[in-house]
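Chain naming follows the written order as A, B and C, and within any one chain the residues start at number 1.
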Amino acid sequence: MDKRNNKGWLFLLPAVLFLGFFMVYPLVDVFIYSFEEGYNSASQTFFGVGAYNYSYVLHDPYFLQAVKNTFILVIITVPVSTGVALLISAGLNSVKKLNKLFQTIYFLPYVTNTLAVGLVFMILFKKTAYSDGLINLFIELFGGSSVDFISGPYWAKMFVLCFYTIWVVMPFKVLILTSALASVNPQYYNAAKVDGTSKLRTFTKITLPMISPMLFYLIITAFIGAFKAYSDAVALFGTDLNAAEMNTIVGYIYDMLYGNSGGYPSFASAAAIVLLVIVLTITCINSLISKKYIYY
Amino acid sequence: MTNYTDFVRKSRSAGSRKAAGRVVIYALLTLWALMVLFPFYWMLLSSVKSYGAYNSEFIPAFFTLSPTLENYVSAFTAVPLGRYFVNTLIFTVVTTAVMLVVTVFAAFAFARLNFRGKNAAFLLFLALMMIPNELVIVTNFVTITKLDMRNSFPGLILPSVTSVFYIYLLKENLAQIPDELYLAAKVDGTSDLKYLFKVMIPICKPTIITIVILKVIECWNSFVWPRLITDDADYFLVSNGIQEIRENGFGRENIPAMMAAVVVISVPLIVLFLIFRKKVMAGVSRGGTKG
Amino acid sequence: MKVVLQNLSKVFPNRSKKGLADVIAVNDFTFEIPDGKLVGLLGPSGCGKSTTLNLICGLQTPTGGKIFFGDDDVTNLPPENRGVGLVFQNYALYPHLSVQQNILFPLQNLKGADKLSKSEMLAKAREAAGLVQIDELMSRKPSELSGGQQQRVAIARALVKMPRILLLDEPLSNLDARLRLQTREELRRIQRETRITTVFVTHDQEEAMSISDIIVVMRSGVAEQIGEPQEVYDNPVNLFVAKFLGSPPINVFSGKVADGSLFIGEDAVLNISGVQNQEVFVGVRPEGFVLDKAGPLRCKLSRVEVMGRDVSIISTHGASVNPIVRSIINAESAENFSTAEVRFAVKPAKVFVFNKETEERVFFEVR
C-alpha cells in the first residue's frame, strides 16, 4: 500500500508542479499584491498594507469607463446572442436538407483567430480617406449618412464591438443549443401533435422547459465570457483601448500590467479581484434564478 | 363534438402554411450563413486585389477580374509572417505535447491509482477549474519577468501548459474502463505504466484526440499571454504578429497585404476543422468554451 | 365511432443504401373496427403494428389506401384534427409539468368555439383523473410516480379531450409482471365505461387475448388473421398464427396425410377424410393430449413438471420440430410414470394440419 502511495503522487507530480506554480501560488499572491500599497516592480518594495489599490482603481476614470463598456457589452450581447442562437438552432433542427452544411458554416468563427478576423470586420466598418467602407456604403444606399464605426462616435464603436462579439460567440451557442434541441425525445412532440398543440405553444411549453438546463448553462457562460471580453476589442480598435474609449475590465488589468501605462501589478491585482467579485455575484444571481425555472 | 367536415379544408391550408414556414426558416438560415461567410469571402477577395486596385476603389468591388498573389509574397517578405508562423507552430506543438503528458499522467493517477489524499487532491483540482485566468495572470507575469524569461519560449509555454479541465475530461473517460481489465492485466504481470500505454490510452484515443484538437485551437489563437510576455518581434505568435502588422505593418496602410496575412493565419485551423469536423464539434460541445 | 382501414399501405423508401429494397411496413391492410370495441394489434416486433397505429392516429401518412373514422375520410388529416387520444409506450408525460398540468395540456390547446373556461377544464381533468383513479396525485410531478401511476396519467391525458378513438402503443410493456395483470383489467374497465373505440398494440399474445374484443395477428405488414381471441386460438388460419398464440406454445410436428390417416412421424394419430395425401405440419396444443397406454403417439419421457392443478409432461418425439413436446394434462389423470415411453391419444379439436409448403391450414374431418 505504501508503494502505491508514492506512485500515485509521482504520476500527479507534473500536474501538481505546474498548477502549484502557475495557479495556486498566483491565486494567493494576487490577493497579497492587491493589498500592498505603492508596490514598485523595479525595486520590489512597497510602503504599506491597505485598501488604497482598490480605492485608486475604483476612482480611476479609465477603470470606470472600462466597467461601463463591459456592462453595456454584457447587457446587449448576452440576450441578443442567446436569442438569435435559439432562433437559428430551432430553425436548423426543423430542416433536414443542408443541415450538416449549415452546421459546419456556423461553426467556422469558432476556429478562426479572433484577432485576424477582427481585422476584416475593422475594414468592413472603417471609414478611410480612400473609401467609406462597405457597411457605410450600404447605409448610404438606404439613405442614411455614413459614420466611422472604428474611430468615430461612441455608440457606433460599441455597436461594432457588440456585433463582432456576437459573431464570435454564436458558434458555441448554436452548437450547444442544436444538440440540446435534438436530444428532446420526439415522443413529446408527437404527443403534443396528437393533442393539437400549436407550434408556438409546443416551443414555449415543451421545448423551452426541456432545454432549460442547457439554456441556463449557456447564459451563465455567456455572462462570464462577456465580462472577460478583451481580444475582440483589441482586434477592432487596436491595443490602445483607453484612447479609443473602448477598454474593458480585462483590458484595464492588462494595461495596468504592461504597455504604455503598465508597471502596476498592484492595481492590476485589485482590478482583477474586482472583476472576480462582479463575475461571482452575477453567477450567483444567475444560478438562483435558474433554480426557480429549471424543473430538475 | 366539433364539425368534422371542414377537416379537409383545414388540412390543406395547414400544408401550404408548412411550406411557407419552411421557406422562412431556410431564408433565416441562409441569412446567418451569409453573415458568417461574408467576412471570410471579403478577406479572400481583398487579399487577391492589388494594392493599387484596392485603394482606387471608392466603392469596393465584390469580385476582381485580375487576381494577384503579390500580397501573399509581401506578407512573407515585407513582414516576418513566416517567423510568426514558425513561432506559433513551435509554441502550439510543444505546449500541446507537454500538456498531453501532464494530463495523461494526472488523469491516470486519479482514475486508476489509489494513494493517500487522492480525493482531497481531486476536489482541489475541481475547485481550480473555476479560477478565471485573469486572476492568476498578474502574478505569472511578474514571475516570468523575475525569472528573466520574457521573450523566450519557456516563458511563453510554461504557464500555458496547465489545463485542469482536460485532466478532468480524460479522468472521467479513463474511469469508465472496467476494473476487470486492470485486474486481468495485473494477473498477467503488466506494469501500471504498460497498462496505461497499451490499454487505457488506445481505448481513450477519441478523448485524447479531442483534447489535442481543443488545445491546438486554443494555442493557435492565444493572444493575451503572448502579448504580455513578448515585445521582441522575434518571439511574436500569429495573433501578436497580426496586431503588429496592423499597427506598424507594411510601412503604409496596405490592406490587401494585411488580408493576405489574415488568410494565411486562418487557413491552418480551418483546414484542421474541416478534416476533424465531427471530433472538433463533439469536443467543443463537451465543455470547451472559448478563451 | 367505427374505424375503417381500406387497402392501407405504408412503404418506407430505402434511402440509406443502394440495392436494398424498400421497406413495406404495412401491406394492403383492410379492416373494419366496429364501434366501441377494444381491438388488439398483435405481432412480433417489426410486423407493422406500430406503423398501423401511427397511421390511424395520423403521425404517419399512408402511401396507399384510405382511413375512415365513421364516414369521415381522415386519410390526409393531421393528427390534431382527427380527435384521437394516444398513449405512448413510454407515456411521454411532460416531465416539467405536474399531473394536473399534464392532463390539462390537451384542453388548453383548444381554440375558438371549442375553448373551455378554466373551471370547465378543471372539471374535465378531474373527471378523467377520477376515471383512472389518480385524483390524489394531481399535484405531483411524473418523476414522483410509479410506472403504473404514470400509465394512468397518460391514459387520463388521452381521455380528457373525449377522443373519438383511443390508441395505446404497447400499454403494458413498461410495467412489471404483477402490475401488468392489474393494469390489464383496469384498461378493460376504462374501455367498458367510456365505450370509446380503442386500439392497442402489443407483442404479448396473452395480453391481447385476455382483454381484446377482437385481435388482429400481423406479420410483415399483413394481417394474417382477424377475429375474436378464442376464435383465432381455436381456428388459426396458418402455422404462424397457431404458433404465435397460446402459452405454452403449440407443439409442431412434421407429418403426412396418407390413405385416410394423419401421421406424426410414423405414428398414425387420427383417421381423417377430405384431405389429399401430402406432406404436412401437425400442430397439437399442449392441452390436446390425452394419456392413453394404448395411444398412437409414442414419445420418450424426459421429465414431469407438477404445477398444482395441472401436470406438464415433457417428452421428445422424433418428428417434433421443437426440441421438446410439452403436454398439459389434468393432475388427476396423471399416474406414476415408470417406463421411459409415454403414449398419448390426441383431441381432434386441438389438432391443426398445415400444408408443408404454404403453411396454410388444411381442414380435415375425423372419420
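Heads up, the rule we're going with is that a contact is a pair of C-beta atoms (placed from the backbone, for glycine too) under 8 Å apart; a residue touches a chain by one contact, two chains touch by 3 or more.
Given the structure is predicted, the values throughout are model-derived calculations rather than measurements.
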{"item": "Pair of chains joined by more contacts [C-beta pairs], A-B or A-C", "value": "A-B"}
{"item": "Most widely separated chain from chain B, with each centre as the mean of CA atoms", "value": "C"}
{"item": "Whole-Å separation of chain centres (CA-atom averages), chain B against chain C", "value": "56"}
{"item": "Centre-to-centre distance between chain C and chain A (centres being mean Cα positions), rounded to whole Å", "value": "58"}
{"item": "Separation of mean Cα positions, chain B and chain A [Å, integer]", "value": "16"}
{"item": "For chain B, residues contacting two or more additional chains", "value": "none"}
{"item": "Multi-chain contact residues (two or more partners), chain C", "value": "78, 81"}
{"item": "Residues within chain A bordering two or more other chains", "value": "none"}
{"item": "For the chain C and chain A complex, residues of the former touching the latter", "value": "57-59, 78-81, 84-86, 88, 90, 92, 94-97, 105-106, 108-110, 141, 143, 157, 161"}
{"item": "Contacting residues of chain A [partner chain B, same complex]", "value": "4-9, 11-16, 18-19, 21-27, 29-30, 33, 41, 84, 87-88, 91-92, 94-95, 98, 102-117, 119-121, 123-124, 128, 130-134, 137, 167-170, 172, 175-176, 179, 199, 221, 224-225, 228, 230-231, 234, 238-239, 250, 253-254, 257-258, 265, 268-269, 272-273, 275-276, 279"}
{"item": "Chain A partner contacts - residues on chain B that touch it in the complex", "value": "21-22, 25-26, 28-29, 32-33, 35-37, 39-40, 42-43, 46, 55-60, 101-103, 105-106, 108-110, 113-116, 118, 121, 125, 128, 131-132, 134-143, 145, 158-159, 161-162, 164, 167, 192, 217, 220-221, 223-224, 227-228, 238-239, 242-243, 246-247, 253, 255, 258-259, 261-262, 265-266, 269-270, 272-274, 277, 280-281, 284-285, 289-291"}
{"item": "Of all residues in chain A, those that touch chain C in their complex", "value": "185, 187-188, 190-198, 201, 205-206, 209-210, 212, 295-296"}
